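Working notes, beginning with the structure itself.
Chains here go by letter, A, B and C, matching the order in which they are written, and residues are numbered from 1 within each.
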């Protein structure tokens, strides 16, 4: 690459950064990136609150309970049997209800309900007693880092990657050319002694820098918020002995690759279409139906490669429909190096199309 | 020789009735919309599913046709579930049509400072919003409750008076569910385009609100182990209401009454946003 | 080595709408004005010259460069467009400076060139203000500064005097002249015909996408046969002179000037008129001056295009 091209690319990036980072119009992209962070902050707050509440209930209880003690309660037990097994609850609530008698038609019975709350310090047991007999039981398990890391992976794959980064890239990369056409300022670039492909490369790199900064920061904050409330010991085990750190690094890498892939797609869409919402909807649907496509077509998608790179397989919940299971599972994953090369190749193809398009692009603002 | 003084003389001819003036906006906006070949093609595609439904109704009542394939007479039942499926499919088309046509209704006027030109005439803000929303309302009606009612009438004429009286409520459900969806889509599209003043971003935001909103709702439910996330999912709220209107058995995480309230709240927020943004002047800081 | 701006059978259609059709031009150095009514194709011609739009047919070459080679083309071309929009959030100085940086200049030389161009358009005081807050004239001037900043050989200016006050207009006209005097190509589009008349070395008249005339204005005028040449003669005996002139068959019309010290004559053959003038001068009538009265852009424009769009 000529030295002057690099200098020109840097000049384009300098001009674009201000527009991509500080534009009022792009504020919603920050909101998009901040939403999952806020979600995990809420998760950390709720979990911490629950942990301290469970510890309080366990402390105030008549006796020290184990998880096995909590599991011993079953439907049909009497109030006395429950109290005999677990002691008097430290938190209870009672209320009454008028219920039609199941045996005598037309007779209304007044039923006393009691809700007992026990805890072993981590897991909570909620016992619903009606008329002196256990009617329903619910055990709320303590947050488990292993289990919750799957939940984190699910949020990353199905929300952050497919929707957050997707729409963020849509907002930033479509704006690079189409936004300038609508603002009637694209000719400014086209009248400078610079190759149009260099303008395109500069704009793409500026968009990439913006999306990577925004979404990588979001991903780091999400990870911090997610791990925040766990005890230091559990956190260390997860990070250093259970590949937690490795997974976090992979998530960051996948975030960057997603920005590259989707960015290239939206750059070309912004140049080719007057109303880029149509191709955006088409890409969204294409990425959504990717698991149902024939193997050959599946390769022309960003999500296909990104899914293969994600470190945690998300198990389908029991009883899910086969269609949903197909959407969740990665039936035909590719090796990570191939996946990385795949995303880059897809992006390069899109950038090549963009370079052809930018050479043909005419300034005719009145046609918009 | 007479001298005539040239004075200002206001127009003294007849004018169109005041109530009908919002239709001027409707006419112009509609003509603009259908200049796009894509729009015309997509509008035609929106009638594909109603045509299929019409064929199904005909086949369901054609004993000889079913007999040719050895099928019993009652195999295709035209009931509330049939019309629920119809409104669900047409609802998706209505959303796509709104995503294409809606954002361009108000944002160009705001971006080009055209609102003072409207409001310096005897034309109120409410009339402006009414005029613009009538474009979507009429367009979406043409693909939702109007063909729905046509299907209902065809089915009623083929099935007889007894079916019609028993299922007359379905026609009401068709109209009510469509109107609610149309109101929400129109208000969302217009409020977003008034807010960002840019057609493309407004379109992206509408898509994001539906898809991202649904995804975020699921994420909230999964992470916080709650069902409250559904309040952010407009499509889920609508589905809950439709299920109750069509009396389709389905379990929903939130009560129908709360879904109604949430949807009406969305409408009110959009209206408030529109009233804030659609003004004859703009404060520039 | 090519020293002209060449259009070879160039046509541009915007869908079904004609931009310009079958344009053949060879523009030499100096000030060339594009003149024509709205929609005649002036801006299209300028956009074609700078590669902002592509010709549907034909070839364009600006000196040694093709319009498909912006990297080299814009080293010698500066274009001040009619688009009244700017990249958001830039000051006047940043607008000019960033353009130079885009061209690959280092920050020091870009800064130096930017200030020099801003000084040339008299905008130093406002250079550090945001362009969004500029008046129309200031925006016009900062666009000119940008076009001039890299000292181009070809300066393309679309309606460059629009929005400028009379003082700024004369400053800008002086600037164009000095640029042209250095051997540059200054191509200007304008509606204001008396200014075009004053500054142009040659004109290109456009109407409905066609070039209707091109060249030095006097040459263009002499080519127009269907309109008689008008000549203003200043003398002390206008009535006698009128009587004598009417004896010649090429004289069509003679009218005495209001001040009774001259006459306006219409002739269908200018060469024979000047021969006749020699004879008359020898006959004893005292003639102060003889000057063509309609070889300016305004008259040519009226003859070739019509008077509806003329801005005097």
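One rule holds for everything that comes next: a contact is a pair of C-beta atoms (placed from the backbone, for glycine too) under 8 Å apart; a residue touches a chain by one contact, two chains touch by 3 or more.
None of these values were measured; they are calculated from a predicted model.
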Message: Report the chain whose CA-based centre is farthest from the CA-based centre of subunit B.
response: C
Centre-most chain, if every chain is reduced to its averaged C-alpha atoms: B
- line: Cα centroid separation, subunit B vs subunit C, in Å, comes to 55
Message: On a C-alpha centroid basis, what's the spacing between subunit A and subunit C, in Å?
response: 61
Message: For subunit A versus subunit B, what separation do you get between their C-alpha means, in angstrom?
response: 30
- prompt: What residues on subunit A touch subunit C, complex-wise?
  reply: 4, 7-8, 11-12, 14-15, 18-19, 22-23, 180, 183-185, 187-196, 198, 359-360, 362-365, 367
Statement: subunit B contacts subunit A in the complex at 38, 96, 99-100, 103, 196, 198-201, 203-205, 207-208, 211-212, 215-216, 218-220, 222-224
- prompt: Which of the residues in subunit C end up touching subunit A in this complex?
  reply: 14, 47, 50-54, 68, 70-75, 79, 81, 83, 85-89, 98-99, 101-104, 106, 150
Field: subunit A - residues contacting subunit B, complex
entry: 25, 28, 32, 35-36, 39-40, 42-43, 46, 151, 154-155, 158-159, 162-164, 167, 170-171, 174, 178-179, 182, 275-278, 280-281, 284
